[in-house]
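Notes follow the structure.
First chain written, first letter: the chains are A, B, C and D, and each begins at residue 1.
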Amino acid sequence: MRPFVENLPFLSIFLALLAGIVTAAVRSGRTAYWITTGVCAAAAAMHLWVLEYTYLEGLRFTYTMGRFLAPYGNALQCGPLQALLASAFSLVMATCLAGGRRELFQELKPGKQRLYFTMVNMLEASLLALTYTNDVFTGYVFIEISTIAACSLVMAKDSGPNLVAAIRYLFMSLMGSGMFLIGLTMLNSVTGHLLMPALAEAVAELRLSGDYRIPLTVAVGLMVAGLGVKSAMFPFHLWLPDAHGGAATASSAILSGLVLKGYIVLLLVLILRVFSVELLAELGAANVILAFGLLGMLAGSVFAIRENHIKRMLAYSTVAQVGYIFMGIGLGTTEGLIASCFHVLVHACCKPLLFLCAGRLSAVSGHHKSLRNLRGSAYRDVGAGLGFTVGALSMIGIPLFGGFVSKFYFANAALPTGMTALTLLAIALSTVLNALYYVPALLAIWVRPPAEDELAILGDTHAEDLAPDRFFAAASLLLILAVFILGIFYHPITDVLEAGVRLI
Amino acid sequence: MHEDRRDKNLRRRLTSWVDGEREPKDQTLFVMEQRPPRRARQTEEEFERKDRDRLQKFFNWYPAAAAVICLVMVAVLLIAVMNMPGFGQADNPINNEVSDRYLKHGREETGSENAVTAMIVGYRGFDTFGESCVMFLAVAAVMILLAREEHRPADADTEEPEEERADLILEQAARPLIPFMLLIAAYMLLHSETTPGGGFSGGTLLGAGLILTSAAFGAESAQRLLSRRQYSAVRTFGLLAYGLLYGAYIFIGANGLQNHLTRLFLLLDLAVGLVVACTIYGFYALFSRGRI
Amino acid sequence: MIVLEYILLAGVIGCAIAAPLCRRLLASVIVYITMALLMAVLWALLQSPDLAITEAAVGAGVTGILFLLTLKRIHALRDRSDA
Amino acid sequence: MLEDILQNRYAVTAVILFGVGFANLMLQQNLLRKVLGFNIMDAAIFLLLASLGYIDGGVAPIVGDRGFDPLYINPIPSGLALTGIVVSVAITAFALALIQRIYRRYGTIELRELLELAKKEDD
C-alpha cells in the first residue's frame, strides 16, 4: 500500500478533468468560476505537498495507472522538478482567473461562460498531465486536449479578428501535433516501446549499436520541431501575436504564461529522460535549437519595437522569451536545462502579470489598446501601473527581479560550451532590445498626458471600470511577490531544480 | 513665473518625446538622436497601404517557403521510411514482449478476447479517457460557437433557422432502417469483448441512428427521443461514470488493494459508447440547427 | 491479394491528390469520402477490423456529414462556382 | 530500389499522403480545403501507424479459443490509430464550426481576404 501522497498527482489530474465535465453541466457562470478557481487552488496545494515529499526525501516515484507495471500500462513519473512546475502552473492559473475576472464576466455571453470555464479546467488538467506523464502517447492525447482548449480560449471573445486568429492558431498547432505524431510513430516502430523508461533503454541501445540511425534522427527532429511549432519557436511564431493580442485578458495571460510552457516542459522531459543531452548534441539537433533560440530572442524583440498595440507588443516579447528558453535547451548542457526551467518559472509569473496589468490599464482608459491612448493610465489604477513596472523591469533583467537571475544563469550556463561568445552577445543585444520597447511603454503609462487628451480618454471610460477591482489587486500583488521571490530568494528554487533535473 | 513656464514646457516636450511626435531639438535625453525624425502622424490610408503591402509581401514569400519546407520534409520522410524496419516482418522491434503480453494474458487480465479492446480499455485506459475528454471538449467548443441562446432571439449575425422539410423518400427509407441500426449498435456495444468494433464504432452507429431520426422525422421526434436536458445529462453522466469507474480502478490497482470490480470493462465500453454517440449527435444537431 | 492492395493504394493516392484540387467544394468532399472508404478497405486487408469499422463509420461517415453540413451552411452546395 | 519500395509500399503511400496533406494544410487559401488537407495528413499518419503492426500471415487479434494457436498481428498500433481517428474527427468538427462562424461574420472563407478584413477591424 503506497503512501497516500503518491496518489496526489493522479488525483489532481482527475479532479481537474472531472471539474471540467461538471462545469459544463452547471447552470450559472459564477458557480463554474468558483469551481474552477477552487480546483486550481486545491491542485496547487496537492503539488506543494508532493514537492515537499519528493524533495525532502530526495526520491522520485513512478505511479502505475492500474495494476500493470511499467512497460505494459500507463504511468506517471513524479519528481521534485515536476512537482515544482505543476504547483507554479496551478498557482499562476488561479491568479490569472482572479485577475481577469471582471473583464471575463463583461465580455462573455451569459450562456457561454460555463463552457469557457470547462475549457480552463481541461487546460489545467492537460498542463498537469503533460508535466507528469511517463508515456509519450498519453502526452500526444493531452496535447490535443490543450490545443482545442487553447483555441477556444482565443475565440471566447467572439469578435471577428479573434475568430480568424483562432483558426490560424488551430491550423499551425495541428501542423505541430501532426509532426509530433509522425515522429512518435517512427520512434515506436524503431524502439517498440511507448513508455519513457523503456524508450530510454532502447534509444541508448540504438545509439551504441548505431543501426536505424536515420529513422532515429528524423524521429527526434520531427518531435522537437512539432513541439517547437506548438510553443512558438522562432520561425513558426506567426500565429502568436494575433492569437494572444486579441484574446481577453485572462485568456491571453493563461495562453502565453502557461499553455506554451506545457509543450516546453514535455520537450524538456523528453530530452532529459529519453534522448539524453549527449544524443541531442551528437545528432546535431542541439545546434539547430540554439540557432532558432538566438534568432527568436532577437527577432521577437525587433518585432515588438515596431508594435504600438500594447497586447501585441507583449505577445512579441513572449516570442523573444521562448527564444531564451530554446537557447538554454540548445546549449546542450544540464546547466542550460536548469536555466531553461528557471526561465520557464520566471516567464510563467512575469508574463501573466504584464498581461493582467495591461488589460486593467486599457480597461481604465476606455478599452483602447494603443500606447498613445494609454498615456497616464497608471495614475488611474496605481496597482496596475506598479505591476506593469515590476513585470517590465523583470523582463528587461534589472537585478532584484526574476528576469535578471535567469539571464545570469543563462550566461554562466553558456560559459563551458563552445558557443560562449555568440550566446553572451545575443543575451546582451536582446536585453538592450527589450529595454527599447519596455522603457517607452513604461514612460507612456507613467507620464501624464496634456489635459485635453486625458479628458477625451476619460470620456469613453465606463464608470464601473474605474471602480477598484479587489480580485485584480490580490492577483497582481501575488504575482509581484512571486517575481521578487524569484529575484531575491532564488537559491532554494534552483536547488530544487538541480535535484529535479538529476532525479528526472 | 518664468520657472514654471520653462518646466511646463519641459514636461510637454517630454510627453511629446514619449509619443515620438516631435523630436526635441537639442537636449536629447537618450542616445537616440541618430534616429530619423518621425514624420507627422501618418494618415489613415497610409496605414491602409502600409498594411496591404506588408500583407502582399507576406503572401509573396510564404507559398514559396511553405512549398520548400514541404518538399524537404517529404524527402526526409521518404529516406527515413526506407530505412525503417521492413513491412510485415515478424522480428520487427515493435513486436516485443509488450505486444506478446497483450496477446497472451489479455484475456484473463482484462476479460476481453479482442486484444485491441483489451488494450484500449484495460491496459492503456488513460489514453481512452483523455480521448473521451477530447470529444467532450469538442462538443463544448462547438456549443460555444454555434449554440443559439434559446430564451434570447437570434442575435445579430445569425440568420433565421430554415426548417427541415420532411422528405418523403428519406422518411420511407428511414422507417425500416433505424431499428436495425440501433440493434447493430447495441450488439456492437454489448459484444465489444468478443467481436471487433468496441465502444467507438458502436457509439458511432448509435449516434448515426439518432441523426437519421432527426433528419428523417424532423427535430421534434428526435427531441422526443432525447430532449435537450436528457442529452446533457446523458453526456455528462456517461463521461463522469467513465471517469469515476476508471479512477477507482486505477486507485485500487496502484495501491494493490483487492479488486472486486467485475464486469468493469463492459461498463467502461458502454460509457465510451454513450459519450461517442452523444458527441456525434451533438455535432449534427449543432451544425444543422444550432440547438440540441 | 497483392494486386488488390496495389489497386487500393493507387486509388488512395489518386483520391488524396485529387481531393483538394477539385474546382467545386462539393466534389472535393465527395472525393475525400471515397478516399476514406478505400482506406477502410485497406485496413481490413491489414487484418485490423476495429480500425476498418471505425474508419468507415467515423472517418468517412461522420466527417462526411460534417463537411456536407458545413457546405450547406456556407451556401456552397449549389452549382455557383465557388473556387 | 524498386523492390524496396514495393516491399514497404504502405509506408511509402503514407509518406506521399502526408506530403500531400501537409502541403494542402500550408498552401491552400480556402479554409475548407485546409481542413481537408489536415484530414488527409492525419489519415496518412494512421495508415503508417497501422501498417507497422502488420505481420505477414497474421490474423486479426481476436484471441478466441480456436484450438490451434495462430500468429496474431500486433494490437498496439491499431489501438493507437483507433484513438487517433476519433481525436481527429473531434478536431475537424471544431475547425468546421469555426469556419461556419467566420463565414457568417465575414461572408468569405478565403484566407487572404479574411486577413485584410480582420486587419482593418483590429485596431
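Rule of thumb we're sticking to: a residue touches a chain if its C-beta (ideal position, glycine included) is under 8 Å from a C-beta of that chain, and two chains touch if they have at least 3 such contacts.
These figures come from a predicted structure and were not determined experimentally.
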Chain pair with more C-beta contacts, C-D versus B-D: B-D
Most remote chain, CA-based centroid, reference being chain A: C
Inter-centroid spacing, chain D versus chain B (mean Cα positions, whole Å): 14
Cα-centroid distance, chain C relative to chain D, in whole angstrom: 11
Separation of mean Cα positions, chain C and chain B [Å, integer]: 20
Rounded Å distance, chain A centre to chain D centre (Cα mean): 28
Chain A, residues touching no fewer than two other chains: 137, 141, 144, 148, 151, 155, 182, 188-189
Contacts with two or more other chains, residues of chain D listed in rising order: 9-10, 16, 18, 21-22, 26, 48, 51-54, 60-61, 76-80, 82-83, 85-87, 90-91, 93-94, 96, 98-101, 104-105, 115, 119
Shared-contact residues (touching 2 or more other chains) in chain B: 77, 81, 84-85, 92, 94-95, 98, 102, 114, 116, 124, 127, 131, 134, 137-138, 141, 145, 196, 200, 283, 287
Set of all touching chain pairs, with the criterion as stated earlier: A-B, A-D, B-C, B-D, C-D
List of chain B residues in touch with chain C within their complex: 114, 116-117, 196-198, 200-201, 204-205, 207-208, 211, 280, 283-284, 287-288
Complex contact set, residues of chain B against chain A: 11-12, 14-15, 18-19, 76-77, 79-81, 83-85, 92-98, 101-102, 109, 122-127, 129-131, 133-134, 136-138, 140-141, 143-145, 147, 149, 232-233, 236, 239-240, 243-244, 247, 249-251, 253-257, 259
Residues on chain C engaged by chain B in the complex (per definition of touch): 48-50, 53-54, 57-58, 61-62, 65-66, 69-70, 72-73
Chain B-facing residues of chain D, complex: 4, 7-12, 14-16, 18-19, 22-23, 26-27, 48, 51-56, 60-64, 71-72, 74-80, 82-83, 85-87, 90-91, 93-94, 96-98, 100-101, 104-105, 112, 115-116, 119-120
Interface residues, chain A side, partner chain B - complex: 1-2, 6-7, 10, 14, 17-18, 20-22, 24-25, 63-68, 71-74, 109, 111-112, 115-116, 118-119, 122, 125, 129, 135, 137-138, 141-142, 144-145, 148-149, 151-152, 155-156, 182, 186, 188-193, 198, 202, 212, 214-215, 217-219, 221, 371-372, 375, 440, 443-444, 447-450
